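Next, two complexes with subunit A in common: one pairs it with subunit B, the other with subunit C.
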Partner chain A sequence: MLNTTSLKAAYGAVPVLLGVDLALGEGEILALLGRNGAGKTTLMRTLIGLLKATGGSVTFAGADITNFPPHDIARRGIAYVPQGRGIFPKLTVAENLELGTRSRPDGRSDVPAEIFDYFPRLRERLSQSAGTMSGGEQQMLAIGRALAGDPKILLLDEPSEGIQPSIVHQIGEFLKRIVADTGISVLLVEQNIDLALATADRCIVMEKGRIVREGSVEEMSDETVMREFLAV
Partner chain B sequence: MEQGVTLILNSLTLISILVLVSLGLAIIFGLMNVINLAHGEFVTIGAYTLALTQAMGGNYWVALVMAPLIGAMFGLLIEKGMIRYLYEKPTSIILATWGLGMVLQQGLQLVFGAAPQRVSSPISGAVDILGASYPAYRLMLIGFSILIILACYALLRFTRFGLDIRAVIQDRSMASALGIDTERVNARAFALGAALAAIAGVLIAPLTVVIAQMGINYLARSFFVVIVGGIGGVGGVVAGSTLVGGLEGFMNYHLPVTVSQALVLVAAIVIVRFRPRGLVPA
Partner chain C sequence: MSAQDQISAAARATARDATFARPKFVLIAAGWLVLASLPFWAGAYNIATIRDVLLFGLFALSLDFLWGRTGILSFGHAAFFGLGAYGMAIVTIKLGLDPASASLLGLLGGTGLAMLAALVVGYFLIFSGVRGTYLTIVTLALTVIAQHIAIGWSEVTGGDSGLIGVPPLTFELFGWRYALSDPSQFYWFVLLLASIILLVLWRVLSGRYGHILTAIEDNELRARTIGHHTDRHLLTVFVVSAGIAGLAGAIYATGTGFVAPDMIGLMLSTEVIMWVAVGGRGTLVGPFIGAFVVWWLQQKISSIDTKLWPMFIGLFFIAMVFLFPNGVMSLGERGRQLRARLWRRA
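Right after this comes the complex of A and B.
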């Protein structure tokens, strides 16, 4: 569904992605693990087009989308929930959700009702400023907003960051349910190993701008693997 | 009493003029961080639209409809032909728009000559308000600017385009990652800002001397308004105009114009010192 081949990216003259190859299948939850500074966020930003690739390619549903503008990539069906959530704090919850529909190919701007089935709490807060909600609610809003565009792929960067443990568990459950219902694919960056292993079908590990290991959840659960690649 | 009413209405006229000129500037500056030193020339283009329309026998109302269309067209042309290549280089934009302003001024002067253009207001006479007799055209100008403020507020608050603008102002990258074509939002917002300035030009023209350099009078003050009031919102423009125009209107009554303008500048600096994001931050 989404593939990269020797994808490279840099901040100015500093190379960060040194050649990333990955393949995300249809209906798959793929966890991307790796230490702080490995380049996970950089990869996400390159996939959505916010950062220009300096080499390699990205293909989505058979089309080469390397270095397409972000709005174009979004309209093709890739939704992005950035690290830190990226909600518009001064806009209302309803307005944030409406902005999620801008990527819909049918041009409609009404928020699909399923979003409120997944996150009933958003319905109660529609007229509230998004910035006044708790971290967990903001994360639900960010995911709900991404789903409002009816995407085929969800890029999710550290959804558990800065959120109460009880809600972290819920987010994992939401993700599995959404994938089961819609058949969407998810690329999930997570520092919370438990959440990643509980949610994902498959894991890849990034180190210094490259994918250095790939394996099933069972293989990754192995103590030595964890220590080798993920310990600080 | 009578003098008081006149004083207040004079201040309201000045505030209205500042609001009209500054609204477009605030949208362009707030959205794109573009310091557009040619903004005053969009006002001039509006005033010349009135002069030309009336010279050809057309009436004021035709010009009032034509001016925003011509302004928007110029704005779009300039954004597409020049500004959009310079978003990453703010200093180049300042220089380029300054140069553009000069070209427009000289161009107008070459075509129309240096003498002031003749324009006439659509309504004459005075209206009696609480014992003071006040020119009807100025009251109309105040009324129009209130309408335009409300229209701008509604556009930003309730339309799809308005929501896109507010999203882009808050977080341009996130807006584009959600599927908003931010370059298109830029171009349209620039055209809107130019159209508003051109409307201002028509409304102001009968009260001032219409020459190619007239825009300069409004440029500096409208930047004060936007910086003092707060960037990127209608509320900020109204607050900034009320402060700058109100102070100037009242002080003009007792002091020479140059002194009162200098005092307004001092007040602006003091306010920005204590509220760096303006009176009503967006």
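Right after this comes the complex of A and C.
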């Protein structure tokens, strides 16, 4: 579905991605793990086009989308939920969802009802200002808004950050259900190893701008592997 | 989140949606009726003055559409107002056309010139990612350049003294020619035009397009990553805003009968920001009220001593920012807040 070949990116003169090769399959939840500063968020930003790649390529569904503008990538079916939610706090829940429909391939602008099946809480709060909701609700809204665009791929950057543990668990369950129902692929960046391992089909580990390890959830659950790559 | 939090949060959301909620709407409607009946009870001088205030209000509305809704502050909006005014003056005075076609061409030329300038400048700035303070500084430069051209290119613009003899707006419909030389009719024309533009902008902005612009102001990158071509939206708003400013300028020139460099310069650019800030950024009606309030204060204070005005307006502006950061449109709400704060201290 989504592939990168020796993808490189930099902030100014500082190289951050030193050549990332990644393959995300159809209907797969791939967890991207790694310590702070490994380049996980940078990779996400490069995939969605917010940061220009300085080398390598990104292909999506067979088409080269390297350095396409973000709105174009979004309309092709890649939805991005940034770290720290990324909702529009001044708008209501309904308005937030409505704006997410811009990238729908069928051009419709009504919010698909399935979103409320996944997140019933959002239906109750339609006219509420998004900024006044709790962290967990905002995260649900951010994911709901991404789904409103009917994407083929969901890029999730640390959905568990700053959210109470019970909701973290729920988010993992939501993701599995969404993938089972719709067949979309998910690239999940997580610091919360438990959430990542409970949700993902496969894991990759990033270190200093490269992918240094790849494996099944079982392999990654191994204590020594975790300590080697993830211990802070 | 406690139940009380939820209630107050819901109230905040409704308050925001109800910008045109009943008491405010009644006030605005009453104000409009007073304005509409003005020619029946006011003298010709006052009619002409209020007409100019309305045009300044329309000009301020154009800035509010840009600044209030996208967060982009243009410090050079007088350049667009002035291009409209100079466009009108040059077409009607220099080209020697018959009055009806000169008026129409002047309106189109003035407005078009403003929009073209905004399109060219805006395209290079917005599409290359210039935002925030940098964008503001470039617009500031734009108004300074425009004023220098207005002063320096005297064969066309009349230099320092400007151009005198802009004829009244003249229309020709199905062979029936009509000149808006009667002050009352010209006034009503301006009131109607300003009202229509205000209503159209309000309609558009309370719908989906308004939400897109709010989202862009909130966080442009987020809006972009959910599929919105934010550069194009911002450029559209910039050009439309310049067009409205140009239109206000072109009509203003036909009212005063002349154009001068102060209609395109930095001073006017600053004043229009003040009208919007005083009236309430993002409120659309506020800019008209702001223009009126500032004009009214200027009349009162200058009649005591003309030297007082510049000092007063500076202090007034600082006081406004401190006491009523959301402008006079939020006076009631803000008054309650301030009173509550005093109570708590007492």
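Following the convention adopted for this analysis, the second predicted complex is superposed on the first by the 232 of 232 C-alpha atoms of A that agree within 3 Å, B and C clash if a C-alpha of one lies under 4 Å from a C-alpha of the other, contacts with A are read in each partner's own complex, and residues count from 1 in each chain.
Rule of thumb we're sticking to: a contact is a pair of C-beta atoms (placed from the backbone, for glycine too) under 8 Å apart; a residue touches a chain by one contact, two chains touch by 3 or more.
It should be emphasised that the depicted structure is a prediction, and the values quoted were computed from it without experimental measurement.
**Student:** After the match on subunit A, would you call subunit B and subunit C a fit or a clash?
**Tutor:** clash
**Student:** Taking the superposition on A as described, I'd like to know which of subunit B and subunit C A:D194 touches: first, second, both or neither.
**Tutor:** In the superposition, A:D194 contacts neither subunit B nor subunit C.
**Student:** I'd like to know which partner A:P70 touches here: subunit B for first, subunit C for second, both or neither.
**Tutor:** both
**Student:** Using the superposition on chain A described above, determine whether A:S127 touches subunit B (first), subunit C (second), both, or neither.
**Tutor:** second
**Student:** Should A:P89 be classified as contacting the first partner (subunit B), the second (subunit C), both, or neither?
**Tutor:** In the superposition, A:P89 touches subunit B and subunit C alike.
**Student:** Does subunit B (first) or subunit C (second) touch A:E161, or do both, or does neither?
**Tutor:** A:E161 sits against neither subunit B nor subunit C.
**Student:** Name the contact category of A:E114: first (subunit B only), second (subunit C only), both, or neither.
**Tutor:** Once the two structures are laid over each other on A, A:E114 reaches no partner at all.
**Student:** What's your read, subunit B or subunit C touching more residues of subunit A?
**Tutor:** Residues of subunit A touched, subunit B against subunit C: more for C.
**Student:** Under the contact definition given at the top, report the residues of subunit A touching subunit B in one complex and subunit C in the other.
**Tutor:** Touching subunit B and subunit C on subunit A: residues 48, 50, 69-71, 74-75, 80, 82, 86, 88-91, 95, 98-100, 102-103, 109, 145, 149.
**Student:** Using the touch definition from the top, list the residues of subunit A that touch subunit B in their complex.
**Tutor:** Residues 48-50, 69-71, 74-75, 80, 82, 86, 88-91, 95, 98-100, 102-104, 109, 145, 149 of subunit A touch subunit B in their complex.
**Student:** Going by the contact rule set out above, which residues of subunit B touch subunit A in the complex?
**Tutor:** Interface residues on subunit B, with respect to subunit A: 160, 163-164, 166-167, 170-171, 173-182, 282.
**Student:** For subunit A, which residues are in contact with subunit C within the complex?
**Tutor:** Residues in contact with subunit C: 48, 50, 69-71, 74-75, 79-80, 82, 86-92, 95, 98-100, 102-103, 109, 127-129, 132-134, 145-146, 149.
**Student:** Quick one: which bits of subunit C touch subunit A in the complex? Just the residue numbers, please.
**Tutor:** Result: residues 1, 5, 9-10, 12-14, 16-17, 208, 211-212, 214-215, 217-219, 221-230 of subunit C touch subunit A.
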